[in-house]
Amino acid sequence: MTDEESSYDEDITIFSPQGRLYQVEYARETVRKGATTVGIKFDEGILFIALKNDFSKTIESISMEKIFQVDNHIACTYCGLSADARQLIDYLMEEIQINKIWYDEEITIKTLVENLCAYINLFSRYQSVRPFGVVMFIGGIDINGACLFTTDPSGSFIEYSAICEGMNNETVTKYLEKNYKKNLNVEKAIILGLNAIEKATNKKITYEKLEIGIIEKNKTFKKLNQDEIKKFL
Amino acid sequence: MTDEESSYDEDITIFSPQGRLYQVEYARETVRKGATTVGIKFDEGILFIALKNDFSKTIESISMEKIFQVDNHIACTYCGLSADARQLIDYLMEEIQINKIWYDEEITIKTLVENLCAYINLFSRYQSVRPFGVVMFIGGIDINGACLFTTDPSGSFIEYSAICEGMNNETVTKYLEKNYKKNLNVEKAIILGLNAIEKATNKKITYEKLEIGIIEKNKTFKKLNQDEIKKFL
Amino acid sequence: MTDEESSYDEDITIFSPQGRLYQVEYARETVRKGATTVGIKFDEGILFIALKNDFSKTIESISMEKIFQVDNHIACTYCGLSADARQLIDYLMEEIQINKIWYDEEITIKTLVENLCAYINLFSRYQSVRPFGVVMFIGGIDINGACLFTTDPSGSFIEYSAICEGMNNETVTKYLEKNYKKNLNVEKAIILGLNAIEKATNKKITYEKLEIGIIEKNKTFKKLNQDEIKKFL
Amino acid sequence: MTDEESSYDEDITIFSPQGRLYQVEYARETVRKGATTVGIKFDEGILFIALKNDFSKTIESISMEKIFQVDNHIACTYCGLSADARQLIDYLMEEIQINKIWYDEEITIKTLVENLCAYINLFSRYQSVRPFGVVMFIGGIDINGACLFTTDPSGSFIEYSAICEGMNNETVTKYLEKNYKKNLNVEKAIILGLNAIEKATNKKITYEKLEIGIIEKNKTFKKLNQDEIKKFL
Amino acid sequence: MTDEESSYDEDITIFSPQGRLYQVEYARETVRKGATTVGIKFDEGILFIALKNDFSKTIESISMEKIFQVDNHIACTYCGLSADARQLIDYLMEEIQINKIWYDEEITIKTLVENLCAYINLFSRYQSVRPFGVVMFIGGIDINGACLFTTDPSGSFIEYSAICEGMNNETVTKYLEKNYKKNLNVEKAIILGLNAIEKATNKKITYEKLEIGIIEKNKTFKKLNQDEIKKFL
Amino acid sequence: MTDEESSYDEDITIFSPQGRLYQVEYARETVRKGATTVGIKFDEGILFIALKNDFSKTIESISMEKIFQVDNHIACTYCGLSADARQLIDYLMEEIQINKIWYDEEITIKTLVENLCAYINLFSRYQSVRPFGVVMFIGGIDINGACLFTTDPSGSFIEYSAICEGMNNETVTKYLEKNYKKNLNVEKAIILGLNAIEKATNKKITYEKLEIGIIEKNKTFKKLNQDEIKKFL
Amino acid sequence: MTDEESSYDEDITIFSPQGRLYQVEYARETVRKGATTVGIKFDEGILFIALKNDFSKTIESISMEKIFQVDNHIACTYCGLSADARQLIDYLMEEIQINKIWYDEEITIKTLVENLCAYINLFSRYQSVRPFGVVMFIGGIDINGACLFTTDPSGSFIEYSAICEGMNNETVTKYLEKNYKKNLNVEKAIILGLNAIEKATNKKITYEKLEIGIIEKNKTFKKLNQDEIKKFL
């Protein structure tokens, strides 16, 4: 950022002369420092892998969950400020309920993401609030099949077959781009995801720091337990 | 911008001594950096061509849609912040519905654009919000025939026969001004649009980065599929 | 503006030590840069001549209208930010409707202008908004005969027999002051207006850049078509 | 204003260390630059003389009225921002109507002035608005006889037998103090007022720039026409 | 005020490091510059003496009243901004009416003062307003006998037997402290008050600049007329 | 306060890098400059001793009360801004009434203090207000026996057997800590309190500047009259 | 913090270029200076140990409670600003009541914590408030067994088996991590907690400064009395 630009980034979401919204970009920076999070679409399902940061031995690791089921066949995870993320997860769950009550049918995942993003976008346009410091991953299976979205602090969203956010996200994403194939089965998807993380970080991942969630067609949402995770390491 | 001017651009939409609204101009700058977007009026129809930026192989390109049908014979596209654009698309769709319910008749495209611009204008006059960082293209066919409008962050709008916004918009627009003719058929309009983009950017466009939407009289809104696009390249 | 004065102009409409409201004056500056606009009262009618800036060949010039009929015998035009102007035109049309519904009689043009100016004035007194960057011309025929008003961003208004705003407004206005006569017929009024613009700008005006609107007693509001305009050039 | 004082005058109506409200004083400065305005109480009536600034020949001078009848035997004029003044005149007229409807009796002029000043005072105490940049003259005849008040931007008011505001107000006021006598008849009051203005400004006043309004007991409010004015020059 | 303190006095009523509320103190400064005002409690009554500043010969001195009866046996005067004072006088009168309607009994003067001060105090604690720039004198006779209070811009109040505010208030107050005696009759109270003012200011007071109001037990509130005042000079 | 800290204390109650709320601390500074106030718990009762600052001979000292009964067996006093204190006393009295009406039982003193502090705390957390510049002493007898609390501007509270606030509070408090004993009777408590003040201030206290209030079990709240006070000096 | 970062920490909760929310971090600093607080999960129960700072002999130490029962088998303690903590404790108690009334079943502790954190999070996202300066410990037994959570000023929460906040929290936490074992009984848990504090602070703790609260399955919440505490020292 040049000097000329430097005074535009303190105010809440105003444009700089280059047309940038610095507060939104700084919120993105918060995300960049979050623990690595991966989402992969496989044949008839969505996979989330969330890494956990190093944590005290006296933390109940089981409780540090980052992957949440929000409907029968929709789940989400996130990268960034966990407190902000929880507000958006609450928003998702309320939206799903409202849709069921009003229209007596399941909301499509894309509509759900659009509604969430309309909400997030407000916080980048009004001066009395700050943007949400979080990227949400929303994935699942609806009448259109499996799909996987991420949102960003401006309120935009993108659909991916495979994506990584957080620390080392660029190298992990490159690995995914290179190695992702269509019609992966769930096991191959998990292996792809774990390889991407390990290759990119050059560190061995231990099962305690891993959270893996799977949405599969005609199956209930499941999280792998530690034994199941160990098999993949 | 001279030094004398420099302190008027940080506050939200106040006038500078030269009578300029810098926040509105900076929002325009955001648009100038968006992916090239073209709108062309042809004989009895409107054509939108939206380029997509380079994107990861694992993005579901089909999902990165920028052209939206908002009514039977009205569609829109945009250049700038996608999250802001979506709010305005929602506004358009609600406005169309409200009009149908209240007046039991179809809103004219010009009235639709006027209402949208009244809304956009508010965000350039109140101090607690920032302007929308987007230019909307709204086109379609109504009782007055085919028409194509663009809005800007101040809330003004202009009707065009052919227009380009986003990267290289000036050279593309010059090409269009020089080569646009009345009573183009749809194929010639597409060729004109693609030529304008390729000539201006001096790059070959690939079909994956192209989104083409067509509103034609007595036909339903359609987007060209990849095979249809390839035929024009 | 002296140095001593320089810090009073950034805040929204506070008084400087000299008792000036700089934001209102800067809004006036916006108007001064607008395209030349002329209003002339002739015998039993009002004439508006609005120039259009140079514009792209692919703009639908017919759509760049600046003169609007707001009631049977009332029309308006403007000089300045078109998006702001449209809000005020909407205000005028609503006010006219409300008056018809409430009082079952036509609002006089002066009352209409007074109400509009009360609205404009608010935006120069409250800190959460900026003034409107536009001068409105409102003219027509009511029970008191023909009259022509302009408003300004502070919310004041003046009645004229002939007035020019926008680029070169000072030289055009001088021409009008010198050459305006009472009891002009409509043709002479048009010739006076066009001469004033051409003499002042030292440029030949072309018909495409001209919009001419006429309110005449016992006639419907009309805009000259291109052929009619050409006859006067 | 000393340097020490200099930073207290930009904020909206806060006290300086010397206990001054600069924004109110600057609003007063606006008034000081207004066209000269005189009010005189004569035997059983009130006289207002308002000068008009130099103005374009194409302004409808008849329309530049500054003296307004607000009730049968109450009129007002002002010095300062005309747009602000009109809001206060609207306030006066509404207040008079409300009083008639609620109490079925005519409001006394003093109560009317008190209510107006309570409204004006708010705008010197709240931070989201600026003070009104105008001094109102309110005069008329009620059950207590003839009386003449002026208000100021802080919301205080004073009753006068004769007063001048605006350009040259100090020399005109001195003339009035020296020459004012009780029990003037209306003609002598007009001569006194015109002399005061001419003596103070050392300029011959022309009838076109003069507006003279008279409230007399048992007569309807009247404004002198040009012929009547000429007789006094 | 030291440099270290200097930046705490511009914001609306925040504490300085020394725990001071500068805006409240500056409001007090406004009062210090007001015309001298004296309140004295005598045997079975309260006396107010209000000086008027030099004023134009054309001001209706009778109208520059500063002493107001607000109930049968309660009156008030003030020192400071007259426009602010009038708001508080309105508050007093409304409060008295509300009390009569709700409780069907007369409010005690102390309760009245407490309620007024709760209102004044708000304006020293909220950021969107400035404190009232006035000290109110409230005195009268209720079931507890005669009493005399003054309020200040922070919303505190004190009960006095004799007090002076405004110009020269310190020397006048010293005179009152030295010479005040219990069980004064009304004439002696007036002489004490006038002496205090004349001694302190070393100027002869003229009757035109004096306003004297008296609340006495079993008598109606009265203001001395000019003849009555002259007798005491 | 270091330079690094210096800019965190002007904004209304934001945290400094050291996690301090300066506005709350400055409000505490206001209290530190208040007149010395002492609260002592004795056997079956609470004692308040409030000193009054030097004051004018014409102040009605009896009226400068600082100790208030707020319920049958609850009283309070304060140190700091008296106007702020009165708002909190009003709050206490309303709270007690509301509790009686809603629950038909007496509120415990601790609950009363908790509710008051929740109110005070709001004013340290919202940006549009300043904290209350006062420490409240609340004491009395309820079903749990005698108890004595003080609040502070952040909204925290502490229960004491003996406490001093205001000028010289540190030395007085030390004296109290050293000499306080359980099961004091009321006379010994008064002597302890007076000694603490005299020893700490090294000045003889005169009865006029003393206010002493006592809440005792099975007795009504009483304030010592001057003769009763004299006996203890 | 580098210079570049230095201007992002004064505004209420905006992002710095590194994506940090300084106001939230400074609130955390407030907590770091609070008295040491420990929470330990043992076999079928939760233990809280709260240290109290040095305090005056005349403080009623019994009243300085920091551990609160909020439901039959839920308790909480805190570290940081006690006034802020009390608001959150009130929130907890209301939430528990609301849940009982609405759903006729006991809220799970995790849901309770989630709701509390949604509330805390608001205060880190809106510009008109500051974050809460407190870390809450919430523990108890519900249908899922014993659990222990802490919240932070951003509104995030973590579940622990053992955790320390406040002064020396890092060394105490290290001790806990090293020595914590599963299936501790209540006595061993108390000894572990006290040892952790004493070892880390290198000071002998005295019973007066200790508050110990225990939630055990099938037992009522209890706080150890002084004799019980002494046995563990």
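Per-chain residue numbering starts at 1, and chain names A, B, C, D, E, F and G are given in the order in which the chains are listed.
Note that a contact is a pair of C-beta atoms (placed from the backbone, for glycine too) under 8 Å apart; a residue touches a chain by one contact, two chains touch by 3 or more.
Model, not experiment: these values are computed from the prediction.
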Chain B to chain E, fewest steps along touching chains: 3
In terms of residue numbering, is the interface formed by chain F and chain G classified as same (over half shared) or different (under half shared)? different
Chain E on chain F, rotation in degrees - Cα superposition, rounded to nearest 5: 50
Would you mind pulling out the distance in Å between where the CA atoms of chain C average out and where those of chain D do? 30
Could you give the separation in Å between the centres of chain D and chain G, each centre being the mean of its C-alpha atoms? 67
Compute the distance, rounded to whole Å, between the mean C-alpha positions of chain C and chain E. 54
Flagged in chain A as touching 2+ other chains are 127-128
Ring order from chain E through chain F is E, F, G, A, B, C, D
Chain F-facing residues of chain G, complex: 1, 9-10, 12, 22-23, 26-33, 56-60, 63-64, 81-84, 86-87, 90, 123, 127-133
Mind listing the chain A positions that touch chain B in their complex? 7-8, 11, 13-21, 110, 114, 117-118, 120-121, 124-128, 147, 152, 154-156, 158-163, 173, 176-177, 180
